[in-house]
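What follows is chain A paired twice: with chain B in the first complex and chain C in the second.
Coming up: the complex of A and B.
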């Protein structure tokens, strides 16, 4: 059997916590086919046993290993080292939008707090739970979410404008869309989507969609359709008049 | 390029400044290309709107004959089918004290408003002109043109709430597609002349000009029918598609618009380019710099 090719890779990794820190350079030997997370593990093994890094599945499915590699929001376990030029220094930083616990590990609990405010599926009273595949398709796309929070991290409303109080962020607009579009759900979350969850802060600039490792078309399939539903309810003067005159939705 | 300042606690950090990023790729190429593309089109179309000449050529359509007694074409022009620039379609004739107003301004607000409020173009110009954000994971300016940003950011909740009226521009845009296809038909309707030069009838023919108008209108139609508002109104607003004739129809229409919608950005750019080119082509023909000959003799 052929020996796997090995080569040296230089990484610059953030070391520190929420009070401050610095970028530290490490050079490690890696093998062909490895990913950034492997290189981080090599740093832990060879240089810095106290380097904190969160991961679980190493298969792009648990959403734990989110970070910023060369400034791009990435799952480190899915980012192959051969994506980078030989000899290029690879920088690894924690997600910028959330407080740092230690090194490249963030405290993402804000997300779970916001998630708890979303009303869960409320089935129609008479539902027989039967619906067709074509009704399920749209919602199924949203079920692919692994809660890596890379979209939350890169969304400029949270990242640059720090509007965490007013805006729930793309991940949860995806969840809200999956509930609002569900064929047997009977709850009405639109007013909350507009006021408490602040969908109007999203200016549809699509960084969430670009970052999503699950390829969920967040902006086009979840956020814009929800914005259109809000237009029906709150901004369309003709529909408003129609509802006034007929009493129908 | 300054590196992202992660050494400051995110919870207390001062917000980034313009261009602050850990990205090492050429992130600025996208917004610059968009700014040049959109900026170039805005300059060209405004110039042509003020130009108010050389926007049509050939025998005017039946309807225009009635409206345009004063502009009856003569000589070479009368032998050509009617080519009309999309910037000046439908033909509006302003007389008397309003003769100085370019009819383009009475027309361009509609496609202009449609594109201004389009979900794709919003992304494009928020990024390219307002740097909000310029690119993903790249710092933003703390203010622009006197407007404070950072924590004062309001998104589309206040000043920009008018964007929610996009669907009304869409209704007008659909009507424009019908008018522009009529222009394509007129551009294929060539006058038949007798030996004395009098028009004895009309026949079908095509030219590069009619092809340009056809391609332009088809791209505009693809752009219009891939609109997010149409996608919503046609079927996206439903959660259930029952197995009835209407349920099936609405699901099918929604699926078709969804396929087109994936290419909305592509149609947006192609149609923008072609509509500019169509106007340029008509300008060149109308000013005598280019001869638009029929394909079939």
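Coming up: the complex of A and C.
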């Protein structure tokens, strides 16, 4: 390999699979504005055609290119190389919370399986589908989710304690909130949120909110309101009944 | 060879974007066993990237709108070359398809009255695009995905289909592909197959398209004996990013102009006023003052008493005008022109209406679009050309094979209007699913798969591993992209097209010798080596069709034939098929539009 120049960047990329692997060093030339994903593509084209990496939109819209860059959860297509010191070696690893398929891609199928358990929108029979932008706003924030699963990756309940059976994780609490707060939805998923999806495991560390590239306020806007509703329901059944009958908060 | 895995279905849908998902939903709702196969994870298809909106004459933002006007706009935008029946069905059925999405959970932006809001877009007479900020595609794909999964469709992710298998009598019998993850082969038996694989943009260097757009479905269809139509029409979206180099081609939604953004050259001139083609004379504002009045009315949610700004002309027109400015030396520092919304809308409005554009420029280009103009230039974006289908059923000429979405051709003619793709996916995805299911239900049993064929095909796919000293597939791909950009781009000449066809022949020889390293597990180099075949054949279909059409029309511009030639070409489509001697193009007359529809497009 050539001697690195100031216009080069050196990456240490995980090569291997769930049974093990090693960090391998590659050096590629830097162009202005390049992001980590560009550097990975350059490595593929020049050094390692078989380096496995997911991507699609290259503009932060699809949530395919999640990884851990220098230990931080990132969309690699939005992470500019000039965020790092010149000459600094950049490490790229797959998300830790999921099994590794190969190199920096991991098996996120657990997320798809969990998602399938969530009941979809159940519109009220009499709805005329008219609602205001303000009502839409609340739900639209949650619907910005690009399913990058970075929040799932950083949540300690999943990452460190591997409670994948008991806890559905922030991504899907966001989805549940989007349904529960939908202006015409008529279903009640709260009991499931408590029992099957394990909202109680969340102790509001807010790591998920910090990791979210879409800036969704996962904890304050999605998780806490659902926790509050649960408290009201189980400690204040009268209030709950009132809400259920009137549809009002 | 190891024994490959097999699955049996009534209907197999290849592609999980809007078209594929909508088809699979319809097919499984009809009670037939349905599989959905895609190259990426579910929810990551191109549809997720769509920004501006979905076109449908809901008439909730402007009550004057109706399907007839949408039809007229679509045909005019397509320069009269659309298959009229597809354009009619599309205009008539898209409002229902959009409302249905809402019922399935999509939350579109609202009007003051609480209905679905709609925004202005190029070539649409009224505000017609239902949208969610600038992330409409995400909303649509997520809605369909959740709906489909709950309906019990079997989804096969990260699985690439390489060959359509047929019975001796020519009917489809299934398809062969490989798992990206393991590299192992898989066969799906099927009574009907729906192609919904999207586009071909990776044949060009500057493109808004992802790695998936390697022309797979176009090639699968061609190889299986179906025809392609309108291949010469490739849409270059006028506003891609031009700087920094790493994001060259990334899309900037037309929504920026729909929300009032204006195009300027280096001298600060709004050059679009000088670029209104004859067929649109009288329909667009002729002074800055009038254009400004229009924007002010739109911002204030009033019905405008002025004509729309010329920035909202159809994409082919705007892309050519930008190219002209740059060629004349009036471009921006990095070879584009300026798109300015900062001076037209408040920072707050920009962030609210165009959040992902704001984010994209801030993060990737260090540009704050609420204070500074963007630099933009054309980027290869969409293919109007595609698999020729029956307008009602979406069936190809191969019995049992259907196609819908971007991979299908005919709906958009010579140029697609913004927003008409998402609606196309929904309308024709549904139809393809419905008819594929019906076809499968009518057919007795699955027919046998030809195992020898499967084994031969599979062995051929593994060839790049065994080769000695071949080229790197990435190099061949890069050369193809540069060549297509150079010679089969926005403006074409006979000389360039002839030399492109020669270049494709020599690239084909090189592609046949590429070598890949590593093993069969999740190996992008190998996948690319295989995809070169698709891209080369479809590049040739584009180049040959472009050479044959000796006129300029819509997205197809010939420097040596700068005018439209109504006499020779006004009523002619080009149809491509594969014969013994290779890719062949023929001229065919457009089906005659019925008089009542002709009436609609009269000026």
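Simple rule for what comes next: the second predicted complex is superposed on the first by the 228 of 249 C-alpha atoms of A that agree within 3 Å, B and C clash if a C-alpha of one lies under 4 Å from a C-alpha of the other, contacts with A are read in each partner's own complex, and residues count from 1 in each chain.
Keep in mind that, in the parts below, a residue touches a chain if its C-beta (ideal position, glycine included) is under 8 Å from a C-beta of that chain, and two chains touch if they have at least 3 such contacts.
Predicted, not measured: the structure shown is a model, and the values here were computed from it.
If you put the two complexes together on chain A, you find that chain B and chain C both fit without a clash. In the superposition on chain A, contact of A:132 is made with both chain B and chain C.
Rounded to the nearest 10, the angle at the Cα centre of chain A between the centres of chain B and chain C is 140 degrees. In the superposition on chain A, A:102 makes contact with chain C only, while chain B stays out of contact range.
Of the two partner chains placed by superposition, only chain C is touched by A:115; chain B is not. Looking at the shared chain after the overlay, A:157 reaches chain B, while chain C stays out of its contact range. In the superposition on chain A, A:72 contacts chain B only, with no contact to chain C.
By the touch criterion defined above, A:198 lies against chain B but remains apart from chain C after alignment on the C-alpha atoms of chain A. Contacts of A:51 after superposition on the shared chain: chain C is touched, whereas chain B is not. When the two structures are aligned on the shared chain, A:182 is found in touch with chain B and with chain C. For the pair chain B and chain C, the model built by superposing on chain A gives 12 Å as the shortest CA-CA distance. Overlap of the chain B and chain C contact sets on chain A: residues 131-132, 135, 182. Residues 14, 16, 18-23, 68, 70-73, 91, 93-94, 96-100, 131-132, 134-135, 154, 156-157, 159-163, 167, 180-183, 185, 198, 200-207, 210-211, 219-220, 224-225, 227-232, 234-236 of chain A are the ones that touch chain B when the two sit in their complex.
Residues of chain A touching chain C in their complex: 17, 31-35, 38, 44-46, 48-64, 78, 80, 101-103, 105, 108, 112, 115-116, 118-121, 123, 129-133, 135-136, 139-140, 143-147, 179, 182.
On the side of chain B, the complex with chain A involves touching residues 3-4, 6-11, 15-16, 21-25, 119, 122-123, 126-127, 132-133, 136-137, 139-140, 149-151, 153-157, 160-161, 164-167, 228-229, 231-233, 236-237, 239-241, 243, 251, 261-262.
Those residues of chain C whose C-beta lies close enough to touch chain A in the complex are 40-46, 48-49, 99, 102-105, 107-110, 113-115, 117, 132-133, 135, 138-139, 142, 146-147, 149-150, 155, 157, 181, 210-212, 243-247, 250-251, 356, 359-360, 363-365, 472-475, 478, 516-519, 521-526, 528.
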